[in-house]
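Consider the two complexes below, in which chain A is the common component and chain B and chain C are the respective partners.
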Partner chain A sequence: MGKHSSYDAIVAGAGHNGLTTACYLAKAGLKVLVVEKNDWIGGAAVSRSLHDGWTYSNCSYVCSLLRREIVRDLELPRFGLQVIPYEGGASFTKDGDYFAYMSDHDALRREIARHSSKDVDAYERFSQTVIRQCRFIRPFLLRNAPDPTSLKPRDISELLFLVKQAHGLGAKELGETLRFWSMSIGDFLDEHFETDLIKTHIAGAGIIGTGLGVYSPGTAYVLLHHYMGDVDGAIGAWGFARGGMGAISNALGAAFEEAGGEIVMGSGVDKFLVKGGKAVGVALENGDTYYAPIIASNMDVKRTFLKHMDQGVLPADFTKAVERFKIRGSSGKLNIALDSLPKFPAAPEGATFMRGDLHCSASLNELERAYDDWKEGYWSKDPYFDLLIPSQIDPTMAPQGKHMMTVFVQYAPYDLNVDGVRSGENWNDATRKAFADCVFDKIEQGCPDIRKHVVHAEVRSPWDIENEVGLTEGNIFQGELTFDQLLFNRPIPGYAQYDTPIDGMYIVGSSAHPGGGVMAAPGANAAREILRTIGKGKLMPKFAA
Partner chain B sequence: MSAKIKAAAVPMGLIETPFYPRLAALSRAKSWIGWAGYISPLVLDTVEFEYFAIRNQATLFDISPMHKYRITGPDALAVVNRLITRDIRKVRDGRVGYAMWCDEDGMLIDDGTVFRFSQTDFRLCCQEPMYGWLMDVAWGFDVVVEDESDSIAALSLQGPTSYSVLKDAGLDVAEMKPFDWREVEPDLWISRTGFTGDLGYEIWVPRDHALAIWDRLWAAGADWGLRAIGGQALNMVRIEAGYIAAGVDFQPVHAVMRLHRGRTPMELGFDRTVAFDKGHFNGRRALLAQQDAGQRFALVKIDIGGFKPADGALIYHRKRTEVGHVTSGIWSPTAKRNIALAELKAPFGISVTTDLWADVYVHEEGVWRHKMVAVVIETKPFFANTRARATPPRAF
Partner chain C sequence: MSKPSDLTYDAVVIGAGHNGLAAATTLARQGKSVCVIESRDGIGGMARNAAIAPGVVAPKMAHLLYNLNPKTLKELGITAPKSVSLPTVSLADDGRHVVIQGDLVIYADGSAHPEAATFAALHKRLTKFAALLGQMSLKTPPSLAGGLMDMATLQELAGLAKLGIGLKRMGKKDMREFLRILLSNAYDLILDDFADAPLAGMLAADAVRGAYAGPRSPGTVFSMMYRLGNGGDVRLPMGGMGAVADAFANAAKLAGCDIRTGCGVAQVIVENDTARGVILADGSVINARSVLSSIGAFQTMQMAGVQHYDTEAVRRLRNLRNKGTVAKVNLVLSGAPDFVGLDAKLTAGRLLIATSATYVERAFNPVKYGDMSNAPVIEAVIPSLSDPSLCSDGQHILSANVQYVPYALAGGWTPAARQKLLELTLDRLEVYAPGLGRLVTHSEVLTPLDIETQTGAPGGHWHHAEMGIDQILTLRPVNGMARYGFGIAGYYLCGASAHPGGDVMGTAGRNAARQLLKDGVLA
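The block that comes next holds the complex of A and B.
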């Protein structure tokens, strides 16, 4: 017989969103328990030491989306969180050239002009459009998504807010916005730029984590999703969490414990317990059972309802909608310990843009072909990657003089195709090595000596990510970011308010609005909704209220 | 019949500090200001990255323009103790003390650091020129006051990896505690002091050794993210640390033309630096009187709601009565809060500490908006990290 205890609320999963919900609930005076299947907290926002002396942000690796309102409410800097922006980035070509993005605006103009004088002003127009779209969407991140089919006063008022914001744009801009939200990043960039290399450098943000190609409709929004964050108010800027992304989860964990919360690690939820249409508790794999009238699931909707709940208690059409929810995994990752800073010979000595995001893709066509491989169940033979060396800025990530490299790879399939059979089980040491080799070959395009510097490498496929983090199919956003799965449609039409058909049961992870990324917004919005439902809405702290 | 003297013309405009050649080579922003007649960088590259280098890596800032005075002789201790408000007898040899000094009305002349070599030998380091005042204070005592401002070059090496930089430069400071200071090598003094609230050191050398020590630290800093910075980034971290700046958070009383612009240490929140029990010192009587009568102002640390920096904002009580203003205000990229130092008129900030509001003005692309934002008075510095005080220091 395991342990049995009762709480006011239980959060299943110590991902950063689950921890955020837990913090807000605990601060409002609830007795809260977080249960986590792994022996550590953080989900896809973790720092792990897998090779002595090195720290890997082994899932998410850069920070921008994290809402500053939440950071302030929960006083995360007091618990050790420090976010440091990085500057610049570059894309290296096969023939020894590169395009560098620089935070120095004058230098950036000169750099673009080196490739095309026409693209210099095109870039200004492009950024203006994107920033305007960001300014439009940002106010929605910490609000509930309005449900256009509902007649509840709150939905109507949220809808009015949306209409008002949209109306403020004016007819022309609103038209542009609707077009932007539905178009492909490839088409959008083709409208602006003539240089393929520059387009490709920007286009990456439209496909990261996404089961779509650069010319698939909807990828312009994905780019927006990566631009709508900020570091200290600089919209679109990205940074490192000092000590790795785990610093975010650890700060949340510490804030939660200071507020009186309790975390139990090492055994996952086996079943969400439901009685008479009401959530009553969780039964863990180790036999322990915990009871509470509020159950918040930090797992994605598919995992929550299809793996850990008796189907009998759910309406059939809801289950069907959950089954339909798109959550295809498309990304792999390499975390690499390096014996020294590897050289990218094309870059000038000491170039500051080397401290940013590096790539070796040179044309939109190349990206589209990379997507084609994935559709067939293969990793891209000529992959796109987002490569950074955080140890150039963060002294805590690697021993002195040594470095840590993170390589996010697009595309890698969840159900790998080997001899015509597609299955996650096809990911094994041999296929992982072949995948890594393919990525290293591509890195060599910009960094010929890379292999000589490798001390240790962790190779992660979508299958591995699912097994460790619990992200179904390894989808990094807990569900794809296509328009049919955003706002009032996220995760399931009719259930976009963090609620579910089960009374007292909530979805608080990235499956919910406004979606994936280390943003903490779903967790905070869900907490607000939970507190409101139990009549404690006033206890939500000011910034996220 | 008199011999004709050929007068040497003084240099016009700003002159170079000993580190200027290195700074000039690093300057991308070409953003310089005058500091005590010297060329000093406001920004070398970008404020943002210089700021983060202080809080994440290590930074070099040229503090050579600081005024430095050597006070030596049998009565040196007595002179220093007459000058400053704290008790210098409690600062041991090889230690540094933060100090304030006042005129006879108890009004702050300047603040700075006193370096104690021995009881007959001190160095005073401060923002304002102080030679004349020191000579006044020393009148009748057996001491020599020497202006070392031009002969001593100094660098501030600050940030979490600053200890590692010194170590790799072959300078052993492992055992040095905060406010210790040592002659680590002949003619090379290091103090564990700074203006950042973080781990950091200041390095003091004769002027002609300046470039050699710069190059030595620069080479050692390659693995530790060492960056040269300007004064603007430093200003941000000193606000986070809750340090006050002369001419900004208080007006040095010798420099003001208008009456009643001076402030006492208590009015600036530095009661702890006034040692009434040590015997006579300049301003003692006036400060005692103020202790009875109560202070007229209070400089306080405040947290301001929202995300817009509130520098210069007026502060209101109940959103109606104007009670003071922000003297230094920034968005803190480390605390992720909107923070400031603000001067309030008594009793606000002393017995009345709630229902305070900042009227924050924001200019965005041709449109002004303003908003009353809630103010919360804080007692602790906005930035505090255990790494700042650990001895031996951590690697980062």
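The block that comes next holds the complex of A and C.
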């Protein structure tokens, strides 16, 4: 028989959202326990050292979405969090040219003009539209998604807030907003730009992490999801967390422990315990049992309800809704230790844009074809990647003079197709190697001698990500970001406010509104709901209240 | 009622497709004098017949009725030709063809289909939602003109309250389901409940019919429901689709409209920012107090002169998505073909080649890159089996919508490319009807480019403009121009590119004319 003890609240999973919920609850005076299956905290926001001297941000690798309000509430800088913005980026073509994105406005205009003078103005229009859409959406991130079928005053007041925000846009913009939300990023970019290389450079943000192609309606929103963040108030900017993305989770963990919280690692939840329709505790795989009247699951909805709960306790149509929740793995990742800084011959020596996100895709059709491969269960033969070398900015990531490279790859399937059989089990050392080779081939387009510099590489398929982080199918957002799974539909219509059919049980991870990314908003919103439900809403700190 | 051309009509309608005719009839029945101008020698647009071989009449493009609304017909005084309801046969490679009629599903050999109950449940759910959308199709989309807090807007929205009330009546559970699936993709909706086989293929094919989208594209559940507005019945009109167009034309004439064919409109006369008539290709002038256009939206703007539109409007209209993906293949057969496993009644049905939802998605892939599908989705019907009047001497006509076929084929629509399209189509049909090819005595291939050339429809698009969620309702054809009024006083858009879109149903034309009257243009 294992340990038994009681708490006011238990959070299952020490991903950054679970930790965020835990922090807010602990700060409100609750006795909180976090249980984590791995021997480390952070989930997909983690730094690990897999090769001596190097630190990898194993999953997420860049930071922008993390809500400022939460950083302030929880005083994360005091616990070591430092986000360093990076500037620029580039896309390299096969024939030795490139398009560089630069944050210096004049330099950017000159660079665009080098490809097309028409696109210079197009870029202004494009960025105005995107910024306007960002301004529109940002206020919703730390609010509940109103339930349009409800007549509860709270839902109505949230709906009114939405109407007011929408009203602020004016007639034409309102129409443009509706349109933007329903468009494909490909069509949106085609309307603005004539240079395929520039379009492609931008389009990546519309497909990262999704099972959609650049021409699938709804991908303009996905782009927004990647642009609506900020670093130090600069909307759309991205940065590195010093020490890797784990620094965010570690800061949250430290803040939590300072507030009196307790974290138990190394054994996962086997069962959520339910009695008479109420959540009462968790039983761990190692036999330990912990009790609390409030249980917050940081796992995605599928894992929570289909893997760790007795089916009998859930309404059948709820279970069905969870079963059909779409959570497809579409991304792989390579984390690479390099013996020195590799050269991209096309880029001028010392170009600052090389510190940003690098790509080797040159046309929207190339990206769309990459998606077509994935639909059939193959990794893209000609993949899109988002490649960065953070050690150029953050020297803590690699030994002196050496470097760390992170390569996020779109698309890689979860259920890999080998000879017509689609299964996650098809991911093994051989297929992982073949996948990595395919990615290296593509990197060579921009960086011909990349292979010579590799000291160590971690290759991760969606299958591996699921097994390690517990993200079902390796979906990076804990659920696709499509209309049927956004706002009041996320994760399950009727349960979009962090609640579940089980009393006292909450969903606090990225499966909940406003979705995935290292944002901490689901975790904070859920904490607000939990505190409100137990009559302690006033104890929510001011910024995220 | 006919007037000489120096007189002023209340309205001139550009295009005698069925929507132009519906608009004209709506006005004429309110006592307005109307003249319809058609560039081609005959009326009907995409809904016309053609004598494609001696003794053989074919539905040139459109062939089946999905959405013709009895209410609209009655309102316009149209006596539609007789029509018969057809079963749909979704052909299977293993010969286990699936027959769908209304909410019933069985195998072609009469045995029970394991998914029959699931299908009936889905059909019921979707037709309920579709009925709500159907209500919206008869209304002008709400304006956003004053922003959301504006009184007029609130009234518009209150007009939609009927829909809202309908929604509330559905109950919370249904309403949540409606809001969840409204913008989602057909592929997931289908495969959540069905095995990926011919029944799923039929659902997927119907969700993307005429669209530049595959079943995995978000928004295709909307188009799926759109097709079910009148319950999902598929009807074959006797006398071909041309007979339906003729019925529209007869109603127009009966109401007193003039219809002039054989010379198109070259330009719309605009004076003081008001439409005042049209100039025809032969230079003749027809004066009018208003002009309605049933041709493409961008072309409608060009007709009046781009200078009358602000740059935003021009940009939006130029960006309208309208790449056609459907080709028409009409085959004259020397005798009735023999589809393996189908009896005479089923052979006369709507024959679908869409063996799975994945098949449909795969068929879509190549068109994105300017290629045609090697294994296209085909919707075929042999109307002469139900309607012998179409062909003489035991001949038959097989009418096929072939999807996906690009408008701009990489390498161009050369004779060889058309031949390839014909052969691909025949190859697919031969799989299910071996020997069919030998019966072919004459064939006609209409690529999306041909369709554009022959009807003026931009991109040869089935709906004149893609029915994507970014181009429907308040955004159709473009943001700010969804209320039929087209930028210039007295100028209205009344064809398929206006709300609620294409298919042979006449609603866009009817709605546009009603809005023109409501706006007081002819008061």
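The definition used in the following text is that the second predicted complex is superposed on the first by the 545 of 545 C-alpha atoms of A that agree within 3 Å, B and C clash if a C-alpha of one lies under 4 Å from a C-alpha of the other, contacts with A are read in each partner's own complex, and residues count from 1 in each chain.
Keep this in mind: contacts are C-beta pairs under 8 Å (C-beta built on N, C-alpha and C of every residue); 3 or more make two chains touch, one makes a residue touch a chain.
These figures come from a predicted structure and were not determined experimentally.
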State whether chain B and chain C clash or fit side by side on chain A once the two structures are superposed.
fit
Now for A:P315: first (chain B), second (chain C), both, or neither, which partner does it touch?
neither
So in the superposed three-chain picture, is A:P77 touching just chain B, just chain C, both, or none of them (first/second/both/neither)?
first
After the superposition on A, what does A:P348 contact: first (chain B), second (chain C), both or neither?
neither
Tell me which partner touches more residues of chain A in the superposed arrangement, chain B or chain C.
C
Now for A:P395: first (chain B), second (chain C), both, or neither, which partner does it touch?
first
By the touch definition at the top of the document, which applies to A:D232: first (chain B), second (chain C), both, or neither?
first
Could you tell me if A:P85 is touching chain B, chain C, both of them or neither one (first, second, both, neither)?
first
With chain A at the apex, figure out the C-alpha centre angle toward chain B and chain C and round it to a multiple of 10 degrees.
130
After superposing the two complexes on chain A, what is the shortest C-alpha distance between chain B and chain C, in Å?
21
In the complex of these two chains, what residues of chain A are touching chain C?
148-149, 163-164, 166-167, 169-172, 174-176, 178-179, 182-183, 187, 190-191, 212, 215-218, 317, 324, 326, 365, 368-369, 372, 375, 482-484, 488-489, 493-494
Interface with chain A, chain C side, in the complex: residues 143-149, 172-173, 175-177, 179-185, 188, 192, 213, 216-219, 312, 315, 319, 321, 361, 365, 368-369, 468-470, 474-475, 479-480
Would you mind writing out the residues of chain B in touch with chain A in their complex?
28, 46, 48-49, 52, 55-57, 160-161, 164, 223-225, 305, 307, 331, 333-337, 395-396
Given the complex, residues on chain A that touch chain B span 68, 71-72, 76-77, 81-85, 87, 103-104, 231-234, 242, 392-396, 400-401, 542
